[in-house]
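Both of the next two complexes hold chain A, though its partner changes from chain B to chain C.
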Partner chain A sequence: MARMAGRRTLFAAPVLLVVTFGVFAVAAASPFDPVKAYAGTAGLTASQDNLDQLRANLGVDQPLVTRWWDWLTAALTGDLGDSSVLRQPVADVIGERLGWSVLLAATAFLVAIVLGTGLGVLAGRRPGGWLDRCVSSAAYTLEAAPAFWLGLLAIWFFALKLDVLPAGGLTDTASDTVTFGQVASHLVLPAAVLGVSQLPWFFLYVRQGVADALEEDPVRGARARGLSERTVLLGHALRSGMLPMLTLVGSRVPELITGALLVETVFSWPGIAAATVQAATSVDFPLLAALTVLATAAVLLGNLLSDLLYGIADPRVGFDG
Partner chain B sequence: MADTVWRTHGRTRRSTRTLRVRASAVILVAAVLAVLLVPPLVHLDQQAVDLSQKLLPPSWEHPFGTDDVGRDLLLRCVYGLRISLLVGVVAALVATVVGTLVGAAAAALGGWTDRLVMRLVDVFSSVPHLLLGIFVVAMFRPGVWPVIASVAVTHWLSTARIVRAEVLSLRSRPYIDAAISGGASRLRVTTRHLLPGVLPQAGLAAVLMVPHAMWHESALSFLGLGLPSHQASLGNLVQSARGSLLAGDWWPTLFPGLLLIVPTLAVAGLAGAWRERLDPRRRSELML
Partner chain C sequence: MVARSIHGAMRGAGAAALAGALALTASACSNPGGESGGTAAKDTAVVGIAYEPETLSPLLGYGKDGNSKIFDGLLTQDVDMKLKPALAVALPEVSSDRLTYTYKLRKGVTFSDGQPFTAKDVVFTYSTILDPKTNNPSKGELDAVKEVRADGDDTVVFTLKYPYAPFAQRTVLPIVPEHIAGKQDVNTGDFATAPVGTGPYKLVKWSKSEKIAFEANPSYWGGAPKVKKFTMAVIKDDDVRATRLRSGDLDGAILPPNLAQGFAKDKHKKTWTAKTYDYRNVTLPTGNKVTGDTAVRRALDLAVDRKAMVDKILDGAGKPAYGPVPTGSPWFAKGTERPHDLAGAKKILDEAGWKPGADGVREKDGVRAAFPLWYLSGDKLRQDHALAYASDAKKAGIEITTQSGTWEVIEPKMKDEAVLAGGGSPGDPDFDQYTLLKSSLAGDGFNNMAWFTDPAVDKALDDGRRSGDTAVRKAAYDTVQRELVMNPGYTFLTHIDHLYVVNDRWDGLSTQTEPHDHGLASGPWWNVETWAPKK
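For the complex of A and B:
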């Protein structure tokens, strides 16, 4: 297993290299000018000499490959450059915000797994029954609904109409310390919306898995032995129905990141995805580049996790692949 | 599993299925007709500001209500759907052409070209699609073409995979062997015998891609990275409704979102039926 993990990491390294290079190549091909971005409004009045000097200082006059290599070697020592929009080193931005994003994503994932499994078992018991039809239709509709729209409607309903939950942010504006209770109440809406946007996939998978498993011989055998419906459903059908889903959990990272980009922006959650959007709207290249690479690393990690789970859950699969 | 469904609920399932397909077709035709015909036939200005009519809730006169400067939201939504649909269709076409060419070339050439191209597809797939789109748009400034390009750049991957797999499976068929032994060149075999075989698959993928591309455009526009804010795309409508929503008015947010969901479900309904017809044993899924 360790060998496979090592091999996968070796495969991930060139992918990350190509992605970092791609990021620099796109930036080089675009009308984006790092010197103007760095100088900001001062760049409009600065003399050409100053701009040239700045260009040399920033190393922008170097060819693409040199710039990429400089960034890469600096990045390996932990220096990712400075963010112009947040006015602090990129590494600090990531350090400060990553935790909040992980908290949000993990809670949302938990919501999706628990709700998806529960509803999936209930619907999978009687495929085509009224419960299955209602929940499945709702799941298809939710899958088609954009997460930002769900988030806005949730804000309108829970924060404005019912006034039971805060509309956004991490803490109340009045408070200047971060307390557990505040974070917990501010987490509910974004985590619920992100979870619900991931829910359809889990639900449909569990439903299909359970419905298929109920048709198979082990379940028939269990029923013939007179086991209770509960044991048959949870002990036999769900267990084999969950198997393929568990292994695909890691491959949901891209969708989770996509959802987080939208949900964090809607709820002003101080996470890394909201910072990505900020970096993009103000063309903050160092931050955007670092976060794009970070997201790619997260996706590759998810794939690795998925492969490892596959091997653990199903002993027939070897770890040599 | 399909067996149980057919055995126990055969008749009712079948009739709801037909109903769903018909409803999907009607909705799609209505949406396309509205989008094509309303702008040239209805001489109302979607940008006409009337502050005495601002933020009226839905009524007979304004079925979707009015926005914060008194513009009729039904008209705005039709224009929004028009732009979003246009962007979606163009992006899906570009992505399909690129994907088909790349996939077919990889499969037809084989060898190291194939390996290189498919590795490249893997690399592209490792970056979350919306993030890649955000990056492209941020570097090339928001606008119609960067948005189309950013959607296309993330969507050709699946088509390339589908087309490559299809070409590989077609290549082992006897009629291809016959063409080759008849002396046809590699180019001729690819264009005359392989590509026509994969077009149905690529076409289905393209149709399914349109809602996805519209979703992408809306997300980008909502984040302020899509179309210019004066253009009433669905994402821009939701974005510009944020102020009214925080004041408690729900309708400027609700309707543009619904206009995104309903056509998506209609396309999925039709595509599901089409796929079931091609391959009745496989059960349909939404494939979003």
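For the complex of A and C:
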């Protein structure tokens, strides 16, 4: 298990290297101009001299490879550089925002896994029953619905029509302090939307897994031995029905990140995903590169986690041979 | 159902806190629905703005036109845009060659951290902005400054490279404390997010793309503000801003005319209309065979129906524009208004040899009277102006193809193709006219986008900039505007009013004449420090 984790970490280094270079290359090829983005509306009245000076100061007049190499060598010594669009060190940007993103994503993921598994077991127990039919059709509908659309719908219904939950932000507009109650009430809608957008996948996998497992010999045997329905369902059917879902945990991480990107934007959540959008449209190289490394690491970690869980849940699989 | 499950998950963590938060949400700001009135604290104001500053550091461009809340300039502008002293005790003394400006500073002023304000801070502010290493995109506005030096603790002397009449207005620029900003990297230091100034408000917190919260500076040299807490919520979407104003989350907001109309019958809210220098125009590039032709330019100038644009596109909230100077300004050259005269336009084109072709589009020497017109994609207002302009031109036999794109797409084409542009800086007539019309600035960044060249205009612009005599300047800018009638290198379309809806709970509200960029400093809250709660 430790060997597998170690091997994966070694493998992650070249992946990250290639990914960061890719980000620099794509950003350099994009039509967006970092100097224009930096100057904002003031750039529309700035003189050419002023714009050229800015270009030199920001270092974006350097060739692509030089820029990437400078960034990489600095990053390896712990200096992530300065974000041009947010005008603060990249480390500060990430430090300020990562926590809120993790809170949102973790809550949403938890909602999706717990609810998805719970509903999946109930539905898988009686395939074709009323609960199964209701939840399954809802799941297929949700699977097709984009997260930002769900977000707008939720704002319209809960914030505007019912006026029971805040429409966005981390705290109320007039409030300056971040209190637990404020954050909790502001977290409900975005986390629910992000969770619900991920839920169908877990639900459908668990439902199928459990339904299949209930037909298998070990379950029949358990039933024949007179074990309680609860033990049969949770101890036997769920355990073997969970396996495909564990793979899903890893593969849903990228989806969760892109989903968070949209949800944070819709709900003005001050997380890292909202900064990603800004970094991308402003060709903010240092910030973009650091965020890409984070996202790549999250995906690699998600895969590792699901492989480890798989090994634990099904000893036959083992850890990477 | 899902929301409730999450509620359930959180209940363990403190249902009471959540319920409390929800109750707070409902009553946080003023009276939900705006019906009852008077329940909320009158010393708190929350307003919705559409644009957020990129930085709060004046060294990087924040607050350069004044009203920065956190800072003061040497001078400031009153409601009529007249200069008056702020951190200086009087308007500057100007030498007879108009190259030296001397400011006497106010004594006993402290920054909000308690440290005294001195001439050193002024010198630090200006010299840092002018340092090439400082990433300030607006530093071109201080181009005239050759040197700034302190003469003792309370006198600052500016020396200019050339006589520059509007210089005093540039000194509304906010002054930063050297003892804080001087100790960090100007471009990336945290002064940009945690600024300290001498101004009427102190920054409490800036949550980027969410809100900027201020609290009153109790030791402000101009007297402590009565509105103790002032928050600006950054809400880009017009509809969301209107909804949050209606729900009571906001006390005021900037709104487009059609949404502002929805509040006309609300007795507890008042609509403020600010006059502006915010123009929309069409660049007619000199390098293009069609738009570079004076007859075509003059015909377009007459063919366009500005009144219809104001009525239909702006719902009446605006004025026809004939140049960057609004018709209501004292600098406007009376008599340069152009009527909508389609017959006159056709006559000019006929006489110049632009004859209608088979498809109704005119031609001259094998050149079709047709050109593309670019507008910024996603900008509904510019799109509407562009379409109306193309339709007016069509009636005179000129074919304009409208196309949308981002600045990245538009910029390389600006030399030969027309652009629906916008801008406007209030106050001195030099600001807009010099950068739009001076031939030496043709194609310099976004200055003189039309590559406009006219020797008479060039000379008049220099005269107006160099002279300190108002009558001489007025004559110079009258010349510029008259020349623009003869050779309209841009078709000016409209000046756009800015509309604000604010809860009627305070006295002392007014609006200044506003610029094109109207974020934080404009609106009825330009002087929130002098608002007083209504009895």
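General remarks:
Assume the second predicted complex is superposed on the first by the 279 of 321 C-alpha atoms of A that agree within 3 Å, B and C clash if a C-alpha of one lies under 4 Å from a C-alpha of the other, contacts with A are read in each partner's own complex, and residues count from 1 in each chain.
One rule holds in what follows: contacts are C-beta pairs under 8 Å (C-beta built on N, C-alpha and C of every residue); 3 or more make two chains touch, one makes a residue touch a chain.
The model shown is predicted, which means the values in this text are computed figures rather than measured ones.
After overlaying the two complexes on the shared chain, residue contacts for A:F32 are found with chain B and with chain C alike.
When the shared chain is aligned, chain C comes close enough to touch A:D172, but chain B does not. In the superposed model, A:L288 lies in contact with chain B only, and not with chain C.
When the two structures are aligned on the shared chain, A:D163 is found in touch with chain C, with no touch to chain B. Once the two complexes are overlaid on the shared chain, A:G181 sits against chain C while remaining clear of chain B.
For the contact definition in use here, the residues of chain A common to its chain B contact set and its chain C contact set are 31-32, 160, 167. Residues 2-3, 5-7, 9-10, 13-14, 17-18, 20-22, 24-26, 28-29, 32, 44, 46, 51, 54-55, 57, 60-61, 132-133, 135, 137-140, 143, 187-188, 190, 192-193, 204-205, 207-211, 213, 215, 229, 231, 233, 240, 243-244, 247, 249-250, 406-409, 423, 435, 441, 444-447, 516-517 of chain C are the ones that touch chain A when the two sit in their complex. Chain B contributes residues 1, 3-5, 8-9, 13, 122-123, 126-132, 134-141, 211, 215, 218-219, 222-225, 238, 241-242, 245-246, 248, 250, 253-254, 256-257, 260-261, 264-265, 268, 285-286, 288 to its touches with chain A in the complex. Across the complex, chain C is touched by residues 31-33, 36, 38-51, 53-54, 57-58, 82, 85-89, 92, 107, 110-111, 114-115, 158, 160, 163-167, 169-170, 172-176, 179-182, 184-185, 188-189, 191-192, 195-196, 268, 270, 274, 278 of chain A.
Those residues of chain A that touch chain B in the complex are listed here as 15, 18-19, 22-23, 26-27, 30-32, 127-128, 140-141, 143-146, 148-149, 152-153, 155-156, 160-161, 167, 204, 208, 211-212, 215, 253-255, 257-258, 261-262, 265, 276-277, 279-281, 283, 285, 288, 291-292, 295-296, 299-300, 303.
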